[in-house]
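By written order: A, B and C. Residues from 1 in each chain.
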Amino acid sequence: MDTIVTDRTNDRATARPAGVPATATIRTAEQPSGKRTHDRPAFRSKLGSAFAMFRNGKSIAGLSILGFFVLVAIFADVLAPYSPTAVDHTARFQPPSAEHWLGTTHIGEDVLSQVIHGTRGVIVVGFLAAIIATLIAIVVGVMSGYLRGWRSESLSALTNVFLVIPALPLIIIVASMFEDPPLAVVAGVLGLIGWAWGARVLRAQTMSLRNRDFIQAARANGEPLRRIITVEMLPNLMALIAASFVGTVTAAILALTTLSYIGVIPVTTYNWGTILNWAGAQGAFRQNQWWWYLPPGLCIAAIGVALSLINFGIDEYVNPRLRSAGERARAMKKKGMNVNDTVTVVRPTATPSNPNEETP
Amino acid sequence: MNDTLLSIRDFSVVYDVDPAVQAVRNVTLELRRGEILGLAGESGCGKTTLAYGVQRLLKAPAVITNGSVVFHDASGDDIDVNALDADEMRRFRWDKISMVFQGAMNSLNPVATIGSQLEDVFEVHRPGLTRSERREAVVELLEIVKVGAQRYRSFPHELSGGMRQRVMIAMALALRPQLMVMDEPTTALDVLVQREILKQISALRHEFGFSVIFITHDLPLLLEISDRIAIMRNGEIVELDTAERIWTDPQDDYTKTLLSSFPRLTGEKGMVLR
Amino acid sequence: MTAVQPQSHTQETETRADLPSGSETDAVEAGTTATRATRGRSRIPWRFLGGRAVFYLFTLWAAITINFFLPRMMKGDAVTQYLSRNRNVSPEAADALRSLLGLDTDKSLWQQYVDYWALLLRGDLGVSLLHGLRPVTEVIGQSLPWTIGLVGFATIVSFAIGTIGGAIVGWRRGSRLDALIPITTFLSTIPYFWLGLLAIALFSVNLGWFPIGKAYGVGMSPEFSPEFIGQVVHHGTLPAATIIIASLGGWMLGMRNMMLTVLDEDYVMVAEAKGMPRKRVLWGYAARNAVLPQIQSFALSIGFIVGGTIVMEMVFSYPGVGKLLLDATNAKDYALMQGVFLVITLSVLLANLLADVAYAFLDPRTRQTEA
């Protein structure tokens, strides 16, 4: 939700090297997409280049951290030294030690095992909710962007209603109606309420894509709607869909842990939020039992950071201005130039400066 | 008063990227007072870089690596443009040399009124003026370019393309500069409006006596309105002569190629027979 | 908010009607967009605001309808049990409750719906069984000012700092300030409530600088004395600071990204060519334009902000509507839950409308009187 994907992405066709005035490049009326040619490359290669967004450093870092948590979730049973419910009355409220790396709870359960097992709930709900929400967002967003007239307007109104209605209170009320919801139901509720943001962004982008030449050509060719949407439009929307998906995972995880902490989602499930709930209820915060309340929160933050990194990576891919802005500026600083200077630097040399040379 | 307004000697500009790009190579040029100089050439030839460079308007990684630019002010001073610091440059800008940019569509601040954007030039450069004097000056400018004083409180999005371009011209004229650099001022407009704008520029030049550097790829246009024309290619001036002689007796092969590449109204393609 | 796209598709080329060649026509007389605009143009964007108001009314209707259907989708036994446990309810109140909670199945659905609306328009949201049968409206009315005070204050401060900070970071590309972005973003990925709990653990329990919870000291009653206000400020510092720090990152990132985009725009280069001093270009030309999408996203995120505050109130035991909602949920006081939801929704819509008004005044393009 922190990433604001603006419609300016279409400007990247006119991207020009820094400092070069506009007339140095030919301005044409047509704005071809930066990496595509006018003939239609195979769907596969389109998809391949669409996933190039994951190849920059930030995305990779984020994906690694996320991958780590996913692995922990899958192999929780093997990794956890104890069962999370194994009670040991002799070792209560213990700080970290050799046997219990993260200490114990008020009835001697091993905190580390609880955190490890808690990963599963978080990952499952997070991804499931995001999948549901993104699917709805794609359907509603792309349809309302592509269609015209009252169909488009009504879908858009529906999206906006869900966008404006405050989500958390609604989720609280809906969740409180269930006695002991299984994870899938929780994920479903989160997904059904959280699709609106992605739908709105996709609608805007679809609307601008609809007017592009290659879509007009496809329609003139008589391509069926189904094919136009899946083969022509979706690859172009991949970056936005990915960003929306990642954002929704973050939101779902935060919502889940928050709701668990509050106690709206029953505390029989294991996730980091419920651990914090127990910790709070047992006064861990007041008694400085940091080993109990720090790890779950740090894990939430870590996943949040990982997802943000991925989103940053996608952002920079989509809007190249963001990517090079900081790096370019720093690279130029090394050469003695400040990108923010409004006056051209005068540096008399006999030949163009060697980029490897340090300027005095 | 010196007849020469701007002396450019051995001027070179490099874009310090990997690999470095030499955009302007050792250009020497003297611009006379009150003259219209056309800068023509294909895209990427360096004409824009040259025109921006002499005002030091280029941003990093552009670097001026050689040469001198001397501005012979009407008051008699000779100003070495390359030696000015940031603050002096800021004061020099718009006062001595001003610009009309290509594509006025986005050149005006969308959230400020036309009037306020014209006024802030006076606020910054002529701090001695009172508020009503500033307003009067702006109204006068709007009348000169025939946009009309009623437009004072209008916003840019309420104006059409031609009107916006005329506002830009008014803005460039505000401080009665001695040189106006015009970067493809009419390219984005249709031909009828082009004509009007060009007539306006000519009329203003006659009235106020400033020089013009007119950048465009449209050589026939330059042939009509310029006094002299400089043809640029790969960062160098390949030919510099009066418009008349470029038309009747082009020396350089590249010039000849350029001339022949414009479609003729009648007859076959190729050099026109005279 | 799809109606709020700034008009960027203005005519690329001049229309013929503007300038018949050869004559010196006053452009105002020709048939351009601007012509109609200058005659009797109003500076208040009625059309735009009217459209937004219609949308919010529609959303309010949708929210109320959702609220109507929610309890009716639940298993009815829970609610009936709940009502039967509390015998002290007066007959009128019981009627109202039955209508609000979907128990009046003896009537047709349409009739239920109409009665429900009648109740709402009378301002009757039922009675709160958790709070001694006092009217729900009264109970909410007591808590609402606290929430608005806390949220309002924290959000505005966070937005202001984030936006101004983002403008400066975006303006100074490549400087050390760039490091602020990952730091503040990291802070925003930390869940609100955990940050709050940590703050309590650190500042209240360990350092003892701030009280652990509540809005004012035990035993005090609300009044306008300096002492009371002092207590309010003291108690409110930690929750407000937590909200501000947690939400700063989003604003800063958004504004910085917008600045980077705006700085490449032509009008910024023109401003610099005009010899405008740097501060003027930064604030008058760049930031002034970059802030517009910020305001749009502010309006959209009000819903999230409210969510965060609810949790905050629980962590700090702050007596606002969030805590009210949570207590009601735990006690299964359905009438109060619904009432709070409606009030929260109404407030969010109002806040959205205010943000739209602010946007309309800041962006002159919304005042285009032509279709």
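The definition used in the following text is that contacts are C-beta pairs under 8 Å (C-beta built on N, C-alpha and C of every residue); 3 or more make two chains touch, one makes a residue touch a chain.
Per UniProt, the chains are A = ABC transporter permease subunit; B = ATP-binding cassette domain-containing protein.
Since this is a predicted model, take the numbers as computed values, not measurements.
**Student:** Counting only chain pairs that touch, give me the topology of the graph as line, ring, star, complete or other.
**Tutor:** Shape = complete; every chain linked to every other.
**Student:** In terms of CA centroid distance, which chain is the most far removed from chain A?
**Tutor:** B
**Student:** Please work out which of A-B and B-C is bridged by more C-beta pairs in contact, and write that pair.
**Tutor:** Counting C-beta pairs in contact, B-C comes out ahead.
**Student:** If you average the Cα atoms of chain A and of chain C to get two centres, how far apart are those centres in Å?
**Tutor:** A distance of 23 Å separates the two centres.
**Student:** Rounded to a whole Å, what is the gap between the Cα centroids of chain B and chain C?
**Tutor:** About 48 Å, centre to centre.
**Student:** Which positions in chain A are in touch with at least two other chains?
**Tutor:** If we look for residues of chain A contacting two or more partner chains, we find 22, 332, 339, 342.
**Student:** When you check chain B against every other chain, which residues touch at least two of them?
**Tutor:** 57, 90, 101, 103
**Student:** At least two partner chains per residue is the criterion; list those residues in chain C.
**Tutor:** Correct list: 12, 266, 272.
**Student:** If you look only at chain C, which of its residues touch chain B in the complex?
**Tutor:** Touching chain B from chain C are residues 6-7, 10-16, 18-21, 24, 26-28, 32-34, 37-38, 265-267, 269-277, 280, 284-285, 288-289, 292, 362-365, 367-368.
**Student:** Along chain A, where are the residues that touch chain C in the complex?
**Tutor:** So the residues of chain A touching chain C come out as 1-4, 6-8, 22, 29, 156-157, 160-161, 163-170, 172-174, 176-177, 197, 200, 203-204, 250, 254, 257-258, 261-264, 276, 280, 285-286, 288, 290, 293, 296-297, 300-301, 304-305, 307-308, 312, 315, 319, 321-322, 325-330, 332-333, 339-340, 342.
**Student:** Which of the residues in chain B end up touching chain C in this complex?
**Tutor:** Residues of chain B touching chain C: 55, 57, 90-95, 98-99, 101, 103, 105-113, 120-121, 124-125, 146-148, 150-151, 154-155, 157-163, 168, 171, 188-190, 192-193, 195-196.
**Student:** Along chain B, where are the residues that touch chain A in the complex?
**Tutor:** For this pair, the touching residues of chain B are 13-22, 43-44, 47-49, 52-53, 56-66, 82-86, 89-90, 101-103, 183-184, 215.
**Student:** Can you name the residues of chain A that touch chain B in the complex?
**Tutor:** By the definition above, chain A touches chain B via 17-27, 332, 335, 337-339, 341-349, 352-353, 355.
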